[in-house]
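In what follows, a structure is listed as structure tokens, so that the remarks can point back to it.
A, B, C, D and E label the chains in the order they appear, each numbered from 1.
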Amino acid sequence: MSDFQPILTEHIHQKECHTLSFYISVGGYSALEKVLAMSADDVIELVKASNLRGRGGAGFPAGVKWSFIPQDGEKPKYLINNADESEPGTFKDRLLINKTPHQILEGMIIASYAIGCNTAFIYIRGEFFKEYQLLEKVVAEAYEGNFLGKGILGSDYDLDVVIHRGAGAYICGEETGLIESLEGKRGWPRIKPPFPAIEGYLKCPTVVNNVETLSNLPHIINRGPEWFKSIGPEKGPGPKLFCVSGNVNSPGVFEEPMGIPLKDLIFDLAGGIKDGNELKAVFPGGSSSAILTAEEALSVNMDFDSLAEIKTMLGSAGVIVMDEKVDMVQACLNIARFYAHESCGQCTPCREGTAWLVKILTRITSGDGNSNDIDMILEITDNIGGLIDFSKGSFGKTICPFGEAVAWPVRSFVEKFENNFRQYISQEESVT
Amino acid sequence: MDIVTLIIICVKALVVFAAIMLTVMAMTLAERRISAFMQNRLGPNRVGPKGLLQPLADGIKFLMKEDVIPSGVDKPIFLLAPVMLIVPALMTFAIIPFGSELHLFGRAIQLQVADINIGVLYILALTSVGVYGIVLAGWSSNSKYPLLGGLRSSAQLISYELAMGLAIVSIILLAGSLRLNDIIIQQQGHFLSWNVFKQPLAFLIFVVAVYAETNRLPFDLTEAEQELVGGYHTEYSSIKFAMFYMAEYANMITASALTVTLFLGGWDIPLMNEAALGNLGVLLSVVSFVIKTALFLFIFIWVRWTFPRFRYDQLMRLGWKVMLPLALVNIFLTAGYLTLTV
Amino acid sequence: MATIVTSYEPTFWDKLYFPALLRGLMVTLRHFFQKKVTIQYPDAKYIPPEGYRGLHRLNKYPDGRIRCVACEMCAAACPSGCIHIVPGAPPWEDGKERYPVSFDIDLLRCIFCGFCEMACPEQAIELTEIYDFSNSSREGLWINKDGLLEVYEMTKDENYYMKKSHEADLTSG
Amino acid sequence: MPLLKIDNAELEVESGITVLQAATANRIEIPHYCYHPALETVGSCRMCIVQIEGMPKLQVSCNTFVGEAPPDKKIDEKYDMVVHTQTELVKQGRKNVLEFLLLNHPLDCPVCDQAGECFLQDYAFKFGNAHSRFEEEKRVRPSEYLGSQIVINQNRCIMCTRCVRFTRQISGTGELFVQKRGYDFKISALEDQPLDNLLAGNVTDICPVGALLSTDYIHKNRIWNLHEQPSVCQDCSVGCNINVFYQKDRIFRVSPRENHDANGYFICDIGRYGFHRFEEIERMTSPMRRDEEELTEIQWDEAIKVVAKNLSDAKEKIVFVASPFHTNETNFMLGRFQKGFFGALPLIEEEGITYPSGFSINSDRSPNHRGMNDVCPSILEDMASEIDQQNIKVMYILDDGVDRELDQEWKEILMKMDFVVVQSYALTEVAESAHIILPGLAPFEREGTVTNDQGRVQWLRPSLPLKGKARPDWRIIMEVVNTMGKQELSYSDVGEILAEMGKCFPAYEGVSLFRLGDYGLSINGKVKSS
Amino acid sequence: MSDNNSHKDSFEYVNPDLVDNILSQYPDKRSATLPLLHLAQTQEGYISNAVVDTVAQITETHPAEVMDCASFYTMFYLRVQGRYILQVCQTLSCSLNGADALVDHITDRYGIGPGETTPDGKFTLMKVECLGSCGTAPVVQINNDYHEGLSKEILDELLESLQ
């Protein structure tokens, strides 16, 4: 077990940890008070200095994102808290909402203050009905406690928070899709430019941040960026919630510093592989990341750059563990089917390509595969996600990164576990 | 001359005329059928049994066709030309003996329309007249192709008449007579007594010249469809055209008969004394004559469908530079032989 | 590259020509006795080879409906412009969208190149082996849809001329 | 202005336009489906990808903007942006997108009415693969009616959403929507709110494939059989530019022609289906004379003589009725009579509509009202009283629209007349009262110029042949004028009349058919003749 | 046109105050589309054409645009569903922990395949994608409630309790 003291999830095992009174009792909203005494620019600078990178998947520095917001415009600005957590293998935000909602809210208020917005949204995925109800209660509490509403804590800063329920669309986790959905349209991602920081919700400057990102803010304000940077690797520091699921003995969310070895995560924190089986493969960052073989998984550290080096990504840190008994072709089909179901259908490659992948994989699993299929899958994933050169970053061929999110896992499945696919094909070929 | 003799002559003339005309008809069919067979075809076989009535159908067709006389022609000559062509052909046949002497009702009837003692000269004279028909047809048509055909014809005739005449001269030297019956008698005996064996070179020259004389392939430069449309008869149609046609075949028949007479012993059957068999012998002699003539007619057709046409310069070179010298040499050799042996 | 051509020097016998002439005569004589190729046409019919391009027909499906969808590809491919189609909606409901209201071919213009057959995406138009369709009027050689379908009925089972081949000896003279 | 290099072409373009716009304006082809200049950019088809130097991945050219680069970042020290549209990468990219688009697209070009003008077909030929690698079953869905005139073939749809955006942004009616998502998407309209607005027909034009079809043209003909004649719509005074597609003597369809000074990209359904009205009318093809109550056919010579004599006899007491449905040339020729009074039938007015996008249907449903006023001698305001005062008994009428109904006032006026000549192409209500009917040309047969409500002179080109003995209207007038003997007019075509018109009316000076071309000329700003 | 098979002609919110409250929260009316649809679905059980019309009226958009939006999201049901909607997560983590067996189990138990409703209109079985509770796989969502870490036995008990 790690000796790291949890920060975000320090109090989650306490009773009634979601209440305002509890939160205040453990020093909650003290950061807000500090922030209200600072200028917005200073807050942004401070967050920039902390090197806080987005926890939603892309890992874009939060402070930098805020600084894109034009400060002189007439238009209102908006902050949206992205709680549309739907990445397979990720369930950290739900935990945060359930256990430390005020921490999130405090982070939201800080961020709103920093970018100068007066209306903030929490976009929570529709399935989280309980969490939605809880948040309603929490927001009401915050209004009562004058943490929201007019003249927060005696300052002249006003902020309203609206909780908006999604309705079951993975793509609404993408920021422009989310904005569209918030506008009451279908969640079709928008083409960029213009970026949401310039024209987002209702064509106004908008910042979209993940729940966990925002949760970090009070602590950064309280303890300073230097403290934050001291946790984990310098380029992407901070505490991080890792979700471990799949074939492990004790799945769950674990807060550890960035850069913890994946091995420790699986074998120490999550209690090792179920039934004493051998590790076969791991998704390090949700189903959109490229899958790792056991060998790779045992040697890699969980931070943005280490994972990028082996051509995968930290993403939302949703670790899915698969043991030796897992049929990789079926698993690949499962993932592909997920993406086909969730593809919004706007861009040609994604709409048609995902469905095609599912058809081919279904064919392989049902025994009608042929030896061309493997190359074809690789090519189709290239055509959807456009993985031409990993070293130069992503080469998406679609409006949003969904295309890449399909291409990475499916491609890595085929590349790294080609034998499993070949077995399917050769079995059937020998029969016919 | 008594009236009976006159009647006999008339009957003979009629028989010969009818025979020639029938043969002409048969020839038109034979030409088409044989050519078809040589080309792996069947040829006309629809009119009558095996197509035998085809010539009749052709004849009717020719008669029924519109007789077109172009406006620019010299009409009398235009009308005369086909006649000029066919009459000599028929007349030539008058002196050809087509069998031995027939004895009927106590009379000896020579199977020959006219037995004249200068037969050969007569032949040479008449064959020269034939060309007038062609030349006149070509000229009177007032059209370029017929004119060219006619001119070619006269040039061709001059070139080959000479060689032909010289070839016959060698026969005359052997026979010592211009009378055709004498020439036949001279050839009587066995096979080798036929002039074709005695005078092979003359035979060859004669045959080649005859082809040229009758305007048959490979020497049909006067009609030469590919170059001259139809040659001298381009402007002719209907029955007048048919007359040219008939004349050509009549000429062929005459030429064949003449060849047979001069070189194959005429009606004579080798190693057989026809006179001893009486009138049966006469019949056999006629048959022999017909068979021999038919053979030549067949060869006429055969050659036509085998060899391509000569070019004009080739024709002239062959006539003047090959045939004429050869014929002269042949006469010298024959004369020399006769001088030494007799 | 230059080709060296050596001229042929004729021998004495060649110069005589007679052997060559005789050889020629023998050739024609040989043919004179060979089997004849003539077919007694109206009595016996020539059976065209596979792929012969004769009169057109419009094919039907086994259930009897016309295959043509009036796409006018044949008309577009036709180099002589002899196909005239008026398209329309089909009289039945079965997913096929188009249907030829009229389909005429001007056989006098047709050059029987078979492009229409190749252009047809439905294998609807096809050239049959029928070659003897003469008529004494221009109108008679303007074949319409019914006519084309009739041709299909005539030719669908076996080679149109096959039946007659039993009856006549093809090469009899 | 930024200097842009596309392939080998150097272009100086305005800052802020997209690469696709720059390329299209300079005739460099970049294939695209979802982009339409009149609609908002969504960038979803991914077909217009290009390679831009300095950018790591292929960019969609419809949403890549050209701007001034800082001096130190200029490429080759002068270009602000260097675009490649023909590299292997781009070609392969297009190929891949086309492969995806064709996965579920049926291979039914032979029965598809779009074939021949289909972008999917064209691009597939130009850029696509020859063979499909797709072994599975294609998605098959039934066709549906979206409105009374619009049918959608769901199988052919490539989901460019142009139609949906059209109903939202151009017509503002928003009937169409995308149903479901991803692979199961389809374009739909609600059952109780079908796509039946007056601009609905345009969705069939903007559909880049054969998914949206107009029931009016469906299965009627193939596009390559039709001739395309650029012309002008004659159903309202906006003067929309159209292309008339006809074969022999039949019009098959009318589609909009882009002209930013008149109609933009679209036309309304009134104009789109308007040609059918002329198919139904019974055409006048020969001059007619009224004997007693019967109309009898007469010869042209006779008809013209009779008309000329009656007009001469009437001295100056004639009313010439010009028509806003006729061309400028015909109305101008009417002015050549140079004596008598000039009038016009009352305006046909119906509801005018202006759409949110600015596209409008004018309430004045005649094509040439402005032009008629321009080129005719002053038209009497109160014709009825003038006729009474002057005791006018002879009238020469240029008849107009087929739908013209006469009001009571006009009926009375016509009743008073001793002699009425009507130049018409059908037996309209006006023609009913004529003593002599001279058969002119029907709308799609006419040639000449028309001037729209914005003062734009446009070239009206004929697409159908003359019918029967009908003659061009200007020629009829010319013959009548000449027969009357005072003048000797000899124009051989409308171009000559147009030149003459320019001499008489300064606004039309210099206007020629050649200069009008496809898009016309504005006569605004020129002195308007009195 | 739409897959809607409703026959109701009109729809009204039973609690107009809630509607006003929702509208007041957003800077523009259209943004309230999703909450309004949620509200309507809570009331009606599904999104009928009448709901679409009403929402369009409130949000001042075209009904087609509301339908466009509603049909995009999996949580809006365009046809009548069972009283209990059994949504079994089938994405990887749950699948690894036996979600497929749960689906089969429900199918065996009620004779309904995914997407089908029992004849008595009580249960509707749905296979859904990741419910975001992978740590406690397999998960079944019944209406708004998550039921985590299920086995066949627990599921049986649960279903019994719904009787």
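Note that a residue touches a chain if its C-beta (ideal position, glycine included) is under 8 Å from a C-beta of that chain, and two chains touch if they have at least 3 such contacts.
Because the structure is a prediction, the values reported are computed rather than measured.
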{"item": "Neighbouring chains common to chain C and chain E, by label", "value": "D"}
{"item": "Touching chain A and also chain E, the following chains", "value": "D"}
{"item": "Identity of the most central chain, Cα criterion", "value": "D"}
{"item": "Most distant chain from chain E by Cα centroid", "value": "B"}
{"item": "Interface with more contacting C-beta pairs, comparing A-D to D-E", "value": "A-D"}
{"item": "Farthest chain relative to chain D (centres taken as mean CA coordinates)", "value": "B"}
{"item": "Cα-centroid distance, chain B relative to chain E, in whole angstrom", "value": "114"}
{"item": "Rounded Å distance, chain A centre to chain C centre (Cα mean)", "value": "71"}
{"item": "Intercentroid distance (Cα basis), chain C paired with chain B, Å", "value": "48"}
{"item": "Contacts with two or more other chains, residues of chain D listed in rising order", "value": "178, 180-181"}
{"item": "Touching chain combinations (by label order)", "value": "A-D, A-E, B-C, C-D, D-E"}
{"item": "Residues of chain A defined as touching chain D within the complex", "value": "169, 186, 188, 191-193, 340-349, 351-356, 359-360, 363, 372, 376, 383, 386, 388, 392-399"}
{"item": "Chain C residues touching chain D - in the complex, by the definition given at the top", "value": "69-73, 75-76, 87-89, 96-98, 121-122"}
{"item": "Chain E-facing residues of chain A, complex", "value": "76, 85-91, 93-94, 119, 125-130, 160, 162, 164-170, 181-188, 202, 243-247, 251-253, 283, 287, 318, 320, 322, 326, 331, 334-335, 338, 341-342, 344"}
{"item": "In the complex, chain D residues that touch chain E", "value": "144, 146, 164, 167-168, 173-181, 188-193"}
{"item": "Chain C residues within the chain B interface of the complex", "value": "21, 24-25, 27-29, 31-38, 173"}
